[in-house]
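Letters A, B, C and D mark the chains as written, and numbering starts fresh at 1 in each.
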């Protein structure tokens, strides 16, 4: 026996998903706006409640456990709220400045390792290892990386060998982007397939999916043909 | 990870070369920021496209849409590049008296960025001597939620078809914007912020500005010493990376792991 | 009467300038169709998946693993198969698992994970609080990630419902280096922060299960030894299910996955035929006109 | 007192000092500074949490503007606010409660999912429409993309195993080098941006206007 809760989630979930999909029809319509505004409201509410939970768990609980220095975080946090007033917005500069400075330090102290040094390390390899496949991989990475880097020089004039290298870099760049395109498509398709699977499993959901699809599509077409689509959407 | 060449007492192991590079970048950046003579910087082709796109919109009497991304991390590199390009686009639009619409929102970080964007556009109109043309309603705030913002953005384009859409530094919503802009017959100039987005937008936009080109473009247009310095230092570090890689590969192939150990120190 | 060349131009023109809505409709059909009527096409397993599998296979009862949910619901559709298979392996091997969410929506994903594996947990006498703990939404920003990496108990004191974690297996965790493995389920939420503050700063091994968009970057990080394994997209999930002999939704989705890929390729080929054919015939007409 | 917050040099000094407290102990072994920096990091993560109040404020302002102007469809703003408030109430009732569970799975789950998977449609559409071998560059993109697309369909590898090594070669080499190219530039650019912020050449984050 399917519980009412589960059934209502399946029916409403499929309906509101189809409302969102209706944007593919190419024109805005009230069903889409209904889905969109529902998402904005509920998702913003979710983010807010989660932020409060985080402040409570990482901050208030810590203060209650005797880690009083965390109260500085709460005070500075409250100071950011002055941003809402035109008159006192300047007070928020202090907490925002501190928060940005910490983020900046966290990023600057690590990015040089994770995005520069480790990648030089990974490129600097023996180009003649015993494994022939590995050899091919290493040569290719080395020989494709350097022209691509030269393609992105901006303060050096492109003359002679540098311009040839940059031209080669451009072709390699497009070849690489082809690979990346395919992988991106795989990702988006994976999401779509996974989502449609969640709407068809267990099988009792299938009639719900198909009927909501038909109802929403019919509603969108009727609204469009009757020129009603524009009337109920925000201007 | 290769073993370190040597250690310095009082310092954490394996972090010396990183600190050296940081200090080097700081010194180079400060040098180029304060130098009188700006560094040479080559023309970036996509910038011509921006002027062309605005000109086309002016002729058609349609608005230009410009967005700087959703600023999900507040004032990060990509957002600042977007704002830098915006100040240029706003000036050209003010000069041509073309309507410029700048959708804002899309993330929590966008709340802090939005007032700066408004100021930037206002300043551009004032500098062009046309402050009366500045209209805050042309900088709509759609939502703090990524896809609700996209919904608003797309809706605005559908109601007020643009002549050109210039979108920088967006996240996954870049594709939605590009596709709708194409459907509305606008000229699309897309400046994605990552490899994945560059690949997909290569098929969906009229002009593509590579992530690094956008930074160079912003520096080229603003002629601001600190932005020009940024491009110059990036090039120097790239030369350095190439040198380290070539020497390192030659050394590694002949059996020495000196470079790997040096950079791991 | 319509001449042959004009008819040909018509078809080629149609191919070159196809109505997008036809593509959209067909994509719906080729995805939903095989889900309703599965074909059961064979799949091959890639070396990346084997590497990812081997990393998890090394975990045992003495190991404490962090399952980091850097995904929202949409990403979960793509990553659920691989994540569930990974969690199943950990439960069967008796490894301890803590879950941290980095996206507000992920707090409702961990219960889904536990529910889908409740029979495996029962069969292995795997219990909440003793063997696994859900720590809830503790990674809202980069500073928070750095904070749990450098001072775990200074930041996290309770599970997601407020029960104290004192006296549990998490007592052994003080900094990021105490984790035996981190399985990072990623759509890009705090992904770089995990690398910077867990891997680079403390050397914690990270195996990443990511959406297709992030695969190129993850591959570069794998090559740079910043990651110890990469499981790419839904396909990786299906392959992992195949490897551990627990075929589930991932494998079932592969029919639709294959056909949708072929559909796109067919459109690209037809579009190019249309483009070249239409352009060529158009230029021929122009030449004749002159 | 207000001068303390309004003066750019004072604010910048605080920013630089905070930066150094977090930056230095990462490289040098100074236990006291390290302990302090750890607390500072937690404090910063808490401060970030409060910016959410700005989110609610902006949503209320948007909805009330629509209501005041009585612009077309103004009632949607009110509907959105009701949803927002309801969600906060459900959160207060508890994350184990039925209404919370219902909203998470009947509203947020499907809408979040559709928002992203709709991109599969846009990608297919633009590929079908614009993936053309117009130039050598476009041909390279198309050729490499097609091989990898073919490989990614799991059936291909099972029927024609010959495609696997070719596609793996492309994904393990070219996709790696293009990401690496971007990373190397990004690291330097981010650090230079940091220098610009710390030296007061980029002050928009403090709420000072960006000037030409």
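We adopt the following convention: contacts are C-beta pairs under 8 Å (C-beta built on N, C-alpha and C of every residue); 3 or more make two chains touch, one makes a residue touch a chain.
Keep in mind that this is a model prediction, so the values were computed, not measured.
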Practice item. Walk from subunit B over to subunit D along touching chains and report the minimum step count. Key: 1
Practice item. Report the pair of chains linked by the most C-beta pairs in contact. Key: A-D
Check your understanding: subunit A to subunit B: how many Å between their CA centres?
Key -> 18
Point to revise | Inter-chain centre distance, subunit A versus subunit C - centres from mean C-alpha coordinates, in Å | key: 13
Exercise for review: Averaging only over C-alpha atoms, locate the centres of subunit B and subunit C and give their separation in whole Å.
Suggested key: 28
Check your understanding: Which subunit B residues sit where two or more other chains touch them?
Key -> 1, 15, 18, 22, 74-75, 108, 111-112, 143-144, 147, 172, 183, 194-196, 199-200, 202-203, 212, 234, 237-238, 241
Check your understanding: What residues in subunit C touch two or more of the other chains?
Key -> 20, 24, 27, 74-75, 77, 105, 107, 140-141, 143-144, 146-147, 154-155, 201, 213-217, 220, 223-225, 235, 257, 260-261, 264
Point to revise | Contacts with 2+ other chains: residues of subunit A | key: 23-24, 26, 33, 37, 39-40, 43-44, 46-47, 50-51, 53-54, 58, 62, 83, 96, 99-100, 102-103, 106-108, 110-114, 116, 119, 121-123, 141, 145, 149, 152, 174, 177-181, 183-186, 188-189, 191-192, 194-195, 198, 233-235
Revision key, fill the gap. In the complex, subunit A touches subunit B at residues 23, 26-28, 32-33, 36-37, 39-40, 43-44, 47, 83, 96, 100, 108, 112-113, 116-117, 120-121, 123-128, 142, 145-146, 149-150, 152-158, 174, 177-178, 180-181, 183-185, 233-235
Review point. Can you list the residues on subunit B that touch subunit C in the complex?
Key: 1, 172, 183, 194-196
Review point. Once bound in the complex, which stretches of subunit D touch subunit A?
Key: 2, 5-6, 11-12, 14-16, 18-23, 26-27, 39-57, 59, 66, 71-74, 76-77, 79-88, 90-92, 98, 101-121, 123-124, 127, 136-138, 140-149, 152, 169-178, 180-181, 183-188, 190-191, 194, 197-198, 205-207
Review point. Quick one: in the complex, what on subunit A touches subunit D?
Key: 5, 8-9, 12-14, 16-17, 20-21, 23-24, 33, 35, 37-55, 58-59, 62, 69-70, 72-74, 76-78, 80-81, 83-84, 89-112, 114-116, 119, 122-123, 136-137, 140-141, 144-145, 148-149, 152, 170-186, 188-189, 191-192, 194-195, 198, 231-235
Review point. Tell me, which parts of subunit C touch subunit A in their complex?
Key: 21, 24, 27, 31-32, 35-36, 74-78, 80-81, 104-105, 107, 136-138, 140-144, 146-147, 154-158, 162, 192, 195-197, 199-201, 211-216, 220, 223-226, 232-235, 249, 252-253, 256-257, 260-261, 264
